[in-house]
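First subunit A sits with subunit B, and in the next complex the same chain sits with subunit C.
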Partner chain A sequence: MTEATLINPLDTLVDQFPSGWVKKDERPGYSGFIVEREHLLEFARTMRDDFGFDYLSMVTASDYLAEGKFDVVYYAYKTIGGPALIFKVQVPREDAVVPSLVALYPGADFQEREVWDLMGIRFEGHPDLRRILMWEGFEGHPLRKDWKEPFYEEDVKPYKSRWPEGKPVNADDRNPFNDNVQYPTGFDPERWVPEAETLLYSGLQRTTHNEEFKTDELIVNMGPQHPSTHGVFRMVVSLQGEKIVDLKPVMGYLHRNHEKIAERNTFLQNMPFTDRLDYTTSMSNNFAYALAVEKLMGLQVPERADYIRVLMAELTRIMNHFFATGFLLNDLGVYFTASLYAIEERELILDIFEEISGSRMMCNYFRFGGVVRDVSDEVLKKIHNLVYDRIPRKLDQFDAYLTNNEILRTRCEGVGVLTADQAIALSTAGPILRASGVPYDVRRADPYSIYDRLEFDVITGNHGDIYDRYLVRVAEIKESIKIVKQLLRDIPSGPILAGKPAYQVRVPAGESYGRVEGPKGEMGFYIVSNGKPNPERYHVRAPTFINLTSLAPMSRGEKVADVVVILGAIDIVLGEVDR
Partner chain B sequence: MKNFGKRFGVMSSLGVTMGHFFNTYIVDLVKGKKRYRTTEGIEARRQSDTEGIFTIQYPEEQLPLPEEFRVLPFLVYDEGENGEKNLRCTACGICSKVCPPQCIWIYRATDPATGKPSPHPAEFHIDIDICMNCGFCAEYCPFDAIKMDHDFELSGYTRGESHVFGLDTLMKPVSYYESIRPANAAREAAARAEKAKPKA
Partner chain C sequence: MSPEGLSKPEYQVPQEMQNQVALTTLDRLYNWSRKNSVWPMMFGLACCAIEMIAAAASRYDLARFGMEVMRPSPRQSDVMLVSGTVTKKMIPQIVRLYNQMPEPKYVIAMGACASSGGPFKEGYNVVAGVDKFIPVDVYIPGCPPTPQALLHGLMTLQKKIESQSLKEVSWYQKGPGEPIPVPVLGPDLIDMRKAALIREKSQPVTEPEEAAVAVEEAAQNGELPAKEG
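Now for the complex of A and B:
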């Protein structure tokens, strides 16, 4: 790092490079820089080493079919805080190859694989460029604009067949094997052998025979159906005795191409779909999506709505952390006692969500410019009782129950360690990053909504192990309580929505990225609008998906029984990982 | 006490579990039988100061549903004097346009005399297998004609029976709507009256 990291050099950035390497992105509504692909590696290295953009938060791509090119989009941040560095590489559709940044930012690993899988952009130099979400026999790249799904009707909703002459079709009767189902050339289901499994196993690190203990090498598939995986998730582990030599996660069993669905939807229609990403934190997901679209629309949210939003986001954090901690204990083998203690408060919070939004988990509570309905004084009273009485009591109980429990400590301390440098390089976010001692919290690093007025501490750990992740989560509940108390004290009265409720919103052309500090890490939405009622590109930065990049580095060298706990401490939800 | 916890962590943990265990009996003894299967008992068990057994034993007991609770839309009709059912829906199509999974099909009626579209639905279908209970249709209907229901016990015995609901299943009287959502219904009625006023 040099002095340049301390000042903001982005205005003069173009001049720092030989001419033609970098130019400003001057399309209306766009920002950031366009880098020539030959110089991408050089550029990224300079930005990381000399400018301090050490945290590559998001990698994605969008398909500009009419112009015949792809944009590969990178969002990098400094872990000391501040705005994003956005850079893009443009490649023609017929020659979609970009140098891989995995060597510089290991956290790009899964994200580049995702872009390859869904968009078909090849990353040269990627160590393990396989499909990640789609199955290995899949033909085509579904996020390309010219790809059509089997039940394709029209490019965008609303579909014309619904009104005014709508005749229902039973979903069971629709035939998926219509024109736009594609097969690889020469495909014969009888003779087809997926080579991806072979590739997967051969990609694992192996060790040679251990003479001392006479242990054998073994490859174990944990999952996809395994009670410890929190869903349908598979870990392929190569073992030497009980010790993990290498691990590869396999995911995508719950993939439904959320992003493609979203690009068919109108902007508003996506709101309830975001609930279904991480179904335990639907309020936070709503929040991030609303922020992204509001940024494009230039909407100002009324005071009261802002307070309500943050209130809901913090309640979500409280309940998520209880849940995560409880289920971490499950993974440790405490069967259900701990998790049932932990979800009592969650139920009480869900009662509140149900009362204001109509649903316990699929809240669909945020609208562009505010929230859908006001919070009554009785509900505020309920929240008051929770944060002043019930939850602090429960935390004390948790403390007595868990914090000094020798069994918990022995199993968690020093297990699954991630150093601060590793955590940053692997683009982890949320409690994982902070437990490794990096005080990075979007609420402080890049404040949104009213967080700049609120007083709270960013909690960090010292050791980056599972025990610290537990401590960070519990301490974050305390901070959230602090925030909720301030909100209850200061919440103003007034409108809860800017303008009139509208089912069609006009979103000016351009791109935007809205992010919040969700309970599991940075939750972000990257939106490109072309001025039409539907988003041109919609991408979710799913925190748990990216946090999983750190699973293998954390597990190597640990015992096989611990990998369950390491996974549990990441706190994944497959609805979000697989999208 | 604090130091005890630090030195004997496991003991302290077991103490918490034991405390929970005995507490359930103590609370039950103190509160008596009315704690279970009574409305007050259920209400008391979901307050923030509740202790002891927490679980509501569905289906013997049921959590009270808040007014805003939503599952599946239905169509509201006003009851005429002679028992006729006047659907409020004008077949404007907004609900089917806003519906995220596109599970509403509306066939607009035509006036037999003129052959022009008339503001009634001839057919109205909702595929409840696809409906994601988002509530948008009810939220954006300009005529208060489609509303979200409270009835969530929808399981059937066969897979084959049609889950595409037509007008016969979807229509429910306004009195039913008022019974499940009194506050909303009153507010909307007041707003409609307000709107009608200046014209008169």
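Now for the complex of A and C:
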């Protein structure tokens, strides 16, 4: 193959379409293409079918209030690797309608609903456009720049003093209702008829009447308070006997308005908030956010810091996979015994995190251009002991008791199957995607930090069932151990931060997207800066939120007891699903 | 069974019988048995729940306090550990769960979020502390509180249980307790106990007199003056 054939076909993309359909995004700091709204579907189809961008990773929107328009932003990738195709549709604020891409990329389903919910952009042709994080009936679309929350103080932080003249001012006291609420004018609570979730229930497929057997049709609500849902997640399931006819996930019970708060925060203030997204993998969230901002700032991270970052990210992966496996067994009915074993080593890793960052779970350890504190030799020694001794022994235990355990295999094999095509179409990521046989790992497909120097395998499964997801996770722990060993061997000495530590960073205007292969899949941050100390737009591509799109297709036709395990194998964390 | 904490120190029990006999009061016996079998509800909301799991796991071992029996059903539990951010979408369920718990029941607000809204307080979907709706017995600071802090909070709860007297506890008084009205999801969260206030403050401001009255009334009720008008 000659050099010439390697020319990126995207460079000439604009010429391939009739004039005006597609333009290069030429705003300074921006990249990608701007597609006319009328031709979006056609453009996307061409990109998917002819150019091989089969994986729509992220859909979001940003509100440009001053210009009176919304940008709907799409990031598509090829599952064989390579850079992103970024395309955008611009719509005026007063006519916020965009054609839905769900028919082409089913994985856009929840993300489009999220954009509708929070931004108020309608997706024409979406099969089930309901609010997803807030409830039906909520007033307004909170992420719009002109929407103000009840505890609104100022547009951006740092706020003026909350202790003027030494007297604390409580946010509650400034609100007429003495609470975090606001109502439209003329609202009468006694006349309000709450939404009865008719849309939710009417969208549910029901069983057709069976003449032969008399089966009862049943609609079951699992959650939001249910021991099997890993937090405050709810599934509405319609059953025929024990068989699942349809399932609809309901979320938002932990929607903590991360994005709205983040757009008021300064860039650095967001770092501790990213910890609380997927609270079991805070280091890896920090990593993605730091990458996104560093891309905009054009910062180069010192060697040692890069090593420490990857070290922490891989320890996080080990910890997360132990946790996920332990709780998968919980869901299988091994009530707590197995998970107690599985999270034993987690405590040891948490000790390491506590030692270097000061907190067990909410590490807040990364900074733009490096990390906040150096890692001492004793800590490295501890990590050394872990990866050479404790963790491999635990893995042997797993193999001995679980991998060939007959009950585990019977419950997991052939359950919750997702084929490779389905997994790609549904935009799943992480172990789910790889268990279906797609060797897509951001660490390899689009290497960041020092992953291009490290030796490790991308683990894949063959069957796309729960058992393969279990195997992939266990094998990934082994790969992570391999990586950690290399890092411990090669870690150089030197500075750990580019430049001086600063509370306020200068981020040039533009957009960027930073992504890492988190333990649960592609964790990404989409950031738009306008040169001010606060992000103009801040969006999290949460892997488990998008992975949940596959829950209903995987569960249909399975038994109700299995749906708990299928959910467990997705490994959701509500902090990230709901944000 | 050790009678530790059960015997009243005023009554002398001969040394050789101390393992078999305890002289105590009914109050003490009642509280002693209650405090050593506080069953928490298995109910995790957010990040703090992970630390709750860690506290229940082998290293910190809640079982030492007789608290390892996590019940998924509110009907069988004694304490509700509100472990995480309480959102507006979730609070109706939390209030309902609280109403379903049998007396005696206790609530622990674990972490900054459950106590006051924490780092997410300014969020539009966040309830600024679970105590806006249900009474809280123990607040545990931290984000997240370490398992040690949680244990300390639970021990504080035990102390509280110890100090209660059969004569005074509300669940042995006449008549059943009132359930807490479940909040409603409207254009925003509606606390039905505040319905009158909400209606009044949401009135379109037409005549200046009316607004003035509203402000006056609010001042009488100890509220700050209304912002509108």
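Simple rule for what comes next: the second predicted complex is superposed on the first by the 541 of 579 C-alpha atoms of A that agree within 3 Å, B and C clash if a C-alpha of one lies under 4 Å from a C-alpha of the other, contacts with A are read in each partner's own complex, and residues count from 1 in each chain.
Just so it is clear, a contact is a pair of C-beta atoms (placed from the backbone, for glycine too) under 8 Å apart; a residue touches a chain by one contact, two chains touch by 3 or more.
Keep in mind that this is a model prediction, so the values were computed, not measured.
Of the two partner chains placed by the overlay, neither subunit B nor subunit C lies in contact with A:439. In the superposition on chain A, contact of A:361 is made with subunit C only, not with subunit B.
In the superposed model, A:499 makes contact with neither subunit B nor subunit C. In the superposed pair of complexes, A:189 makes contact with subunit C only, with no contact to subunit B. In the superposed pair of complexes, A:81 makes contact with neither subunit B nor subunit C.
In the superposition on chain A, A:392 makes contact with neither subunit B nor subunit C. Residue contacts after overlaying the shared chain place A:227 against subunit C, while subunit B stays out of touching range. Touch criterion met: A:372 reaches subunit B, while subunit C stays clear of it. Contacts of A:405 after superposition on the shared chain: subunit B is touched, whereas subunit C is not.
Counting contacts as defined above, subunit A residues 171, 272-273, 276, 344, 347, 362 meet subunit B in one complex and subunit C in the other. Residues of subunit A touching subunit C in their complex: 133-135, 137-139, 142, 149-153, 171-174, 176-190, 192, 194-195, 224-227, 231-232, 252-258, 260-261, 264, 272-273, 276, 279-280, 339-340, 343-344, 346-347, 350, 360-362, 574-575. Of all the residues in subunit B, the ones that touch subunit A in their complex are 5-6, 9-10, 12-13, 15-17, 20, 46-49, 54, 66, 68-70, 91, 93-94, 96-100, 102, 104-108, 117, 123, 125, 127, 129-130, 132-136, 139-140, 148, 162, 164. Taken in their complex, subunit A has these residues touching subunit B: 157-159, 161-168, 170-171, 265-266, 268-273, 276, 337, 341, 344, 347-348, 351, 354-359, 362, 364, 372-373, 382, 385-386, 389-390, 397, 399-409, 501, 503. Subunit C makes touch with subunit A in their complex at residues 42-47, 49-51, 53-54, 57-59, 72, 84-85, 87-90, 93, 97, 117, 119-128, 132, 143-144, 146, 184-192, 194-195, 197-199, 201-204, 218, 223-224, 226-228.
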